[in-house]
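In what comes next, chain A is part of two complexes: it sits with chain B in the first one and with chain C in the second one.
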Partner chain A sequence: MIRNTFKLVSNIAVRPAFSSTFVRQPIVASSMMVRNYGSISEKEITDRVIGVVSQYDKVSGKTVTPTTTFKELGLDSLDSADILVAVEEEFGIEIPDEEADKITSCAETISYLRKTPTAK
Partner chain B sequence: MLSHSQKVVRLYRKAIKSIRDYSEDYDMFLLNAGDLRASLKAGKNETNPFAIQQMVKQLEDFNSYWEHPDPYIPCDGINGTKWQRNTAPAKYAVDPTNHLLENGRE
Partner chain C sequence: MNTTPIRHSGLQKAVLSLYRSFLRVSNKKEMDNPSSSISNYIKTQFRLKATTIQKRDINKIESLLVKGKRQLEQIQDPEFSGFAVFTPKSK
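Take a look at the complex of A and B:
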């Protein structure tokens, strides 16, 4: 009986102490694990808008910049409506008619999308 | 008061979205959207105000006829699914006999 008790005590005494190498590092959550509730950056908006406008049939072969107006690309009001519908589908939003009437250039499209928090 | 150009563009936007809602694939959408654009372009040089009025009326009738009972809506837009706790049934499901398509309009 006494011998067993002594063994237990000696086992406790020789147990190694925890060192810094055993400290668990905090898990860094990657960006893929976190759903992004923030707004899209202006650069991404600009690139995607220019991509949508460039893919339009009547714009093929022309250079599209963030400051290009639809009139410079040779588009009429119906073509602008087509492009805005495509932009709505690209960003998952609906542009009201009052706002759509005012948008006549890439810059105005980009500024409207920056004001829209629900754009995806 | 809307100008003529604004009115036509708004009707065109609504018509394009109706065509999109009814189109199952993009090829069908392109076909019908092209037809719509061609019909609008046909009246481009019309100067008779009564003929113009009739064309606008035709476009409005097209819109009312082809209004989709369950259109695509962004989930966080107005009437989107994000704001609904118990989603309302589609208009067509509630009252199918009252839809224009069921009345056999040509």
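Take a look at the complex of A and C:
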């Protein structure tokens, strides 16, 4: 009898929790991804990245194109770190170290942001 | 695009990572208190050390990394408002 009630309770307690997480999560995740990809176009990312880079003191007066590398602008690794932190603030994200070490140009910044759904 | 990635040593990566963490924290601090100029101090310190310390002086760089990490923790304290810098008088 006790075992039976336990079974009953555990069935009720466990099942709905399981099924709800199972059903709900994928929908939430995918709808978020769709929304984020939709809200920020490649052109907008490009424009904002170029905006952030051109605002940097040492870059003023130089032309920045989407393919410009930081080296071409006369920037060293400390300057690139500066710019990446500014990009992080602009898009409300945090670029992990291993990614940040790889980014050396506007194009790489843009492609990183393209595959980062949390960028806004 | 044909760009060869810059290869940084482990030590360089550690310094850059510390620099980024410093900038993130100081930017946050300056948002709360726009009059403070923590990030200026941090930038000049990193620049100064990048030019004055030899690349091969690994001991010095490592000790500064440890010092920097400690300072980073101090900065993150909500009570922290800025650096006070003292230079001993030279006679």
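FYI, the second predicted complex is superposed on the first by the 82 of 120 C-alpha atoms of A that agree within 3 Å, B and C clash if a C-alpha of one lies under 4 Å from a C-alpha of the other, contacts with A are read in each partner's own complex, and residues count from 1 in each chain.
FYI, a residue touches a chain if its C-beta (ideal position, glycine included) is under 8 Å from a C-beta of that chain, and two chains touch if they have at least 3 such contacts.
The structure presented is a predicted model; accordingly, all values stated were derived computationally and were not measured.
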Which term applies to chain B and chain C once both are placed on chain A by superposition, clash or fit?
clash
If you stack the two complexes on chain A, which partner ends up touching A:82: first (chain B), second (chain C), both, or neither?
both
Which partner does A:67 reach: the first (chain B), the second (chain C), both, or neither?
second
Now for A:94: first (chain B), second (chain C), both, or neither, which partner does it touch?
both
Quick check on my understanding: which residues of chain A belong to both its chain B contact set and its chain C contact set?
77-78, 81-82, 84-85, 89, 94, 97, 100-101
Residue ranges of chain A touching chain B (in the complex, touch as defined):
77-78, 80-82, 84-85, 89, 92-94, 97, 100-101, 118
Chain B residues within the chain A interface of the complex
5-6, 8-10, 12-13, 16-17, 20, 33, 37, 40, 73-78
Chain A - residues contacting chain C, complex:
67, 69, 77-78, 81-82, 84-85, 88-89, 94, 97, 100-102, 104-105, 107
What does chain C use to touch chain A in their complex?
1, 3, 5-6, 8, 12-13, 16-17, 19-20, 23-24, 27, 43, 46-47, 50
